[in-house]
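Here the structure is laid out as structure tokens; the discussion comes afterwards.
Here the chain labels run A, B, C, D, E and F in written order, and each chain numbers its own residues starting at 1.
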């Protein structure tokens, strides 16, 4: 597992057990062994098996984890997802940290899948996340988005260009902003420009934007924008997106719909850890 | 500001701008200055002013932040919360990280306040969080819970004892578990024991539990438990808590109601950053 | 082993061998193997076997460590405590770091045991540490205190309330201080209040302190305080504690005696590492 | 202040106030200011003023610290050493961490001075520390040793050569060990060789050791060794050193006496923090 | 300055002065002040002023640095680049670390400028770096490349797609590789494909590669590739690039030339730090 | 492997794959396995086998690495140096980081060997590095210097004394500087003094310098200095050293020649990673 992810896990463990576990150390013999199953309490899309296993392995290298439901697969309420075996103490000490991580991950993959499922059958429109991720957990959350069948937007401010209103004002217009960004950005990064009207769209297209982001546009306007763009750029709809609008936006012909709520407001998936009697 | 919080902020900045900001560096002159206001897009309880200011200050020590709405106060939709002034580049580079942090914090304080407001007037019952916090952000989230008017539960596995079913099984019963925990825990930590029936409650009280946690009990059973306890222990209700049940549980006489959803599923508060023209 | 402890060990190794070991790399062939025994040069209480093993394992994952004397057990002068086997270079490179750690740990457990042994037979009074621990090593030192048979006081400023003179002055009296702390602290944390006279004791008890700390009181005054408290609170004696006073304080009826010297002034236990010829 | 020291301080603060200070936040108003004096409760050699100030400054950049007694100076019992002014909360939150650090530092400088004072007047023998320092605090402790008037031994395994018995065995004799070390070590590092008899001393001198360490030798043997060496090498006495033997070892003519107890067993200096009424 | 860069600087300082500076502390009075000028010993392109200043500021917050030659400007041999003023000790302690950093940065910007200057006048071809940067210093080195007038390639493996021979084999051909990458990558990242022949070029173009990398092709073949591509993709030449070939490759019509040597083999620029008498 | 080196590797991996590898994850099946050989494209001195293996092992603990050419041995162009086997994804993800590290290491060992080979046969003069190393990689680079057959100079500012012009001025002359340094430095560290003329040399020798550094002296002057020193000190030549001058400086009788270019300007060794078909 990548050192970056281990650092996230170690950080999380530090918060919870840097001073040990008063209860477990008092009540559970050091030699006790146990088997515990992570159970989906509701339907969900599974994600985070490696993270789940790694939490216990960081506490105790001898812990074993079995996977019953694969990454990205759907679990029905009551399904057994993973099984961890080994020291009872280690299971109890890692339980909360492991669940906090995978509940967030599965919460995100589940909501992402819901948006993906709202697309019309055969649609080529992609659902994407945004940079509205939990500080410190971006890599995990972007992974969860993918497991839900959605796509990632740019990773960070250094990996692609996204010109917003303030950049446009500062640069003195869309054309200037795009040409400066083109001159500055790696040739491997696309240039995306946010537009709020058809006039701005025209300017962005004329300036050679690779991607235009239609910001908070009603569906009718989106349709006109798609027509006007006429394949000259990749079209992303963003802002004011609800589950209900996914199909109509896809029908309108946008290439992608980006949704902050995928990560910033996903409720935790309900997963319990049941010990074998 | 405490080094621990600065580390959280630095971590978050690292995710987003370790390789710089392609767009801003291309479009915004190094010497441009700007003023931007954090605006509540909906009603919310404010929390995180110091964090908001610190994000910009870590990027650029000369940034200035003004506070318009105090911590724990209610902001109406449209209200100006904070104002940041200084380098336009630094504002744009810190914007997403600052918002990701305070939207989560305000989201939690807002939902916490909603639960607190659901208590009957004059109630002494306290609403508390749990350890179901976002990995890496526990200190910030516990603070947000308090700003919402709710209380914190134990900080981590080393700060108090909470005996759950697996501990009871491993220790050979409630009495054993409590006496072992009493012998092991610092005298400054209380001993809490989870119970699922009146029989278990009796055992926990007999063993001298400081706190009993009524796990997933219907309100009628809670009432019986409160009566039976008769002030011999602090009573916490937990599991299956909804906003609707808060009042009836408070009337039933519990001392505290703990709610994982305060932190694990709080939707981000909607805050925007508006630049002054 | 918990990531927090590994970080302590890595930190310690960094100080000593970040630039390698000039002597060992020059004199000892890379393939040489050795067996070395940690020997107690004096009587002591053993503590730190896992740490001892982990130091060598961090340098070289193939190192093996055997335990001859269990944690918390007494070793006589000359006794073999642990044996490490493997690369001679790795043993020599880790020797000082390992010894520095376990000598401190055994030093603390040994002095803690001495205080515990000074209690009258059958006494229920507990000996506790304080927060006067070595910066960076608190988790290890609190563990060592427990291995010595003593108890831990609160872990840190966030895990329990301890109201001291300055808090009392700032809050406007003991009653105010206690009620504010009660309102603020998690219900899982006890409220302790330091008192220096019987008048203050009365105020603390009236305000419902869970624990009263008798600060620097002569034994006679302690006796009066115990009587006056009459089981209404847990009583901790602190300040000016010497080995000689332990028995009389226990007889006076205090519940706990807290001693900073357990950690801040424990001399290192004398442990040597002897190589097998 | 050097980043390395700030990291030590941040680490220490993390242990104590990562989750805040329940008591102080409850009892002390956010706007309260205070002035507190660090007072020597006993005679001691002062050391750590910068560290003391930095602890408070890391919590709150506006804190002010005045120095009344200079580094390395002697403070009489009752003397005011430093004064910190600013937020009362910040003083209370930093108090224990600051004291834990400076009590250890002053403890070491005080005991170091005691050994230095035991040297005959005008003696050129130097008292030195060893690598038996507290893991994680070596830089601070070596500084404290110097403030006590003693000297530092090599910093770590990479900064100088010290050939001990196991190296000699592995290398096949003293001559081999020294010549290999000479070939491997930077020309800026001296070669020190531990000897336990006059025979070994002869071998070390013949092989060109820069420094010979007389290990655990009685004073008579030390005298013979000094004579025999006849200025051909720097002579360090080590092992079994007590305060009582310092003068006789100095008279015997050794150049340095190294003492692990300077750092591994120095009792904390008794320093209190008194708030101005 | 961004926390990520401060971490690089702190890391570098840790290597050099974690145990202080024996010489400076011995020879230079604590109160001595000095003024020192960074002087270009040869012609070079300047880069790193902020880093230079930050090294000294991390050691001592009161240090002042003046900039005489702007970032990206050319300095003639003998020119004064920056001036640092303040504690003489702090200047001496930071000197080597500061120079090590800026000599590398200026070395890179200087060599980058040399390649850029080798382009025919008015050429639109861009010179770019690669991921062959010094481990740990990528952000600094990419910045230096830009100061030299060259461009950056993708930041890391997560910011854009670059399909190489092994990916093609694993995916079962260029078409498969590109379509899989298109499906997986964020829509903000371009898809680049390495080709070694015109056949592969045709496949990559047919599959819709945004960028084709002509790997190690002689200039004649490059010309054919440019013609054949006919603006359907951005063309990057890579491998076997020398200063001599820049003009001919530009004339051949490639859009970019990527050169590992910009970062992996740039000799340090010769900069000295001269103290004012 | 030492934790310090693992931290360097983790840092490097963080730069490159913290957000994963878009291309590899898209194109290469998770279960694919591969075998890849590190091939010397030119003649070089090998160094970094452990680092090479550790990069892959940090990503994936199951990776296996075989060593074909030992550390410090010469590889001919085309030679197979190491082979890594295991997950194809892990090889592709670690490839660039591993190569960036070992190319630098082999680059340094190769250039170091070139200087060593320029010494006259049988010469006792040693070639040494300086502190002009890449920030963050000093430990690796000093190791590479040794593998090239050269020697290390002092590790850092805390491991030995090197008095330069500014120290001399600040201390009021060479004699003062040396005696202060002698008084301050550990007895295990040598005192080196930079001299630029025979007068300064005389002063340094008179003051008892252990090492004199002849700074930027022409060979004739070096010869005079060697004669004048007459074995009273170790002699190091530094400044303006080229490969061509090595032999004449050795013949002149200096003990060491220190060369910054060994580390600050070593071009990366050309190593490729070839996958088995």
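FYI, contacts are C-beta pairs under 8 Å (C-beta built on N, C-alpha and C of every residue); 3 or more make two chains touch, one makes a residue touch a chain.
Computed from a predicted model, the values in this text were never measured in an experiment.
Chains touching both chain C and chain E: A, B, D, F.
Counting the residue numbers that touch the partner chain, chain A and chain F have less than half of them in common. Using mean Cα coordinates as chain centres, the one most removed from chain E is C.
When you average the Cα atoms of each chain and compare centres, the chain farthest from chain D turns out to be A. Separating the centre of chain B from that of chain D, both taken as means of CA atoms, is a distance of 43 Å.
Centroids built from CA atoms put chain D at 22 Å from chain C.
Per-chain Cα centroids separate chain A from chain D by 51 Å.
The set of chain E residues that touch two or more partner chains comprises 9, 17-20, 138-139, 155-156, 158-162, 184, 186, 189.
Residue ranges of chain A in contact with chain B, taken from their complex: 8-9, 11-12, 15-29, 32, 34, 88, 92-93, 96-97, 99-101, 103-104, 107, 131-139, 156-171, 176-177, 180-181, 183-186, 189, 260-261, 264-265, 267-268, 275. If you check the complex, the residues on chain D that touch chain B are 9-10, 13-14, 17-20, 58-59. By the touch rule above, chain D contacts chain F in their complex via residues 126, 128, 146, 151-155, 158-162, 184, 186-190, 192, 211, 234, 236, 255-256. Residue ranges on chain C touching chain A, taken from their complex, read 1-4, 7, 138-139, 142-143, 155-156, 159.
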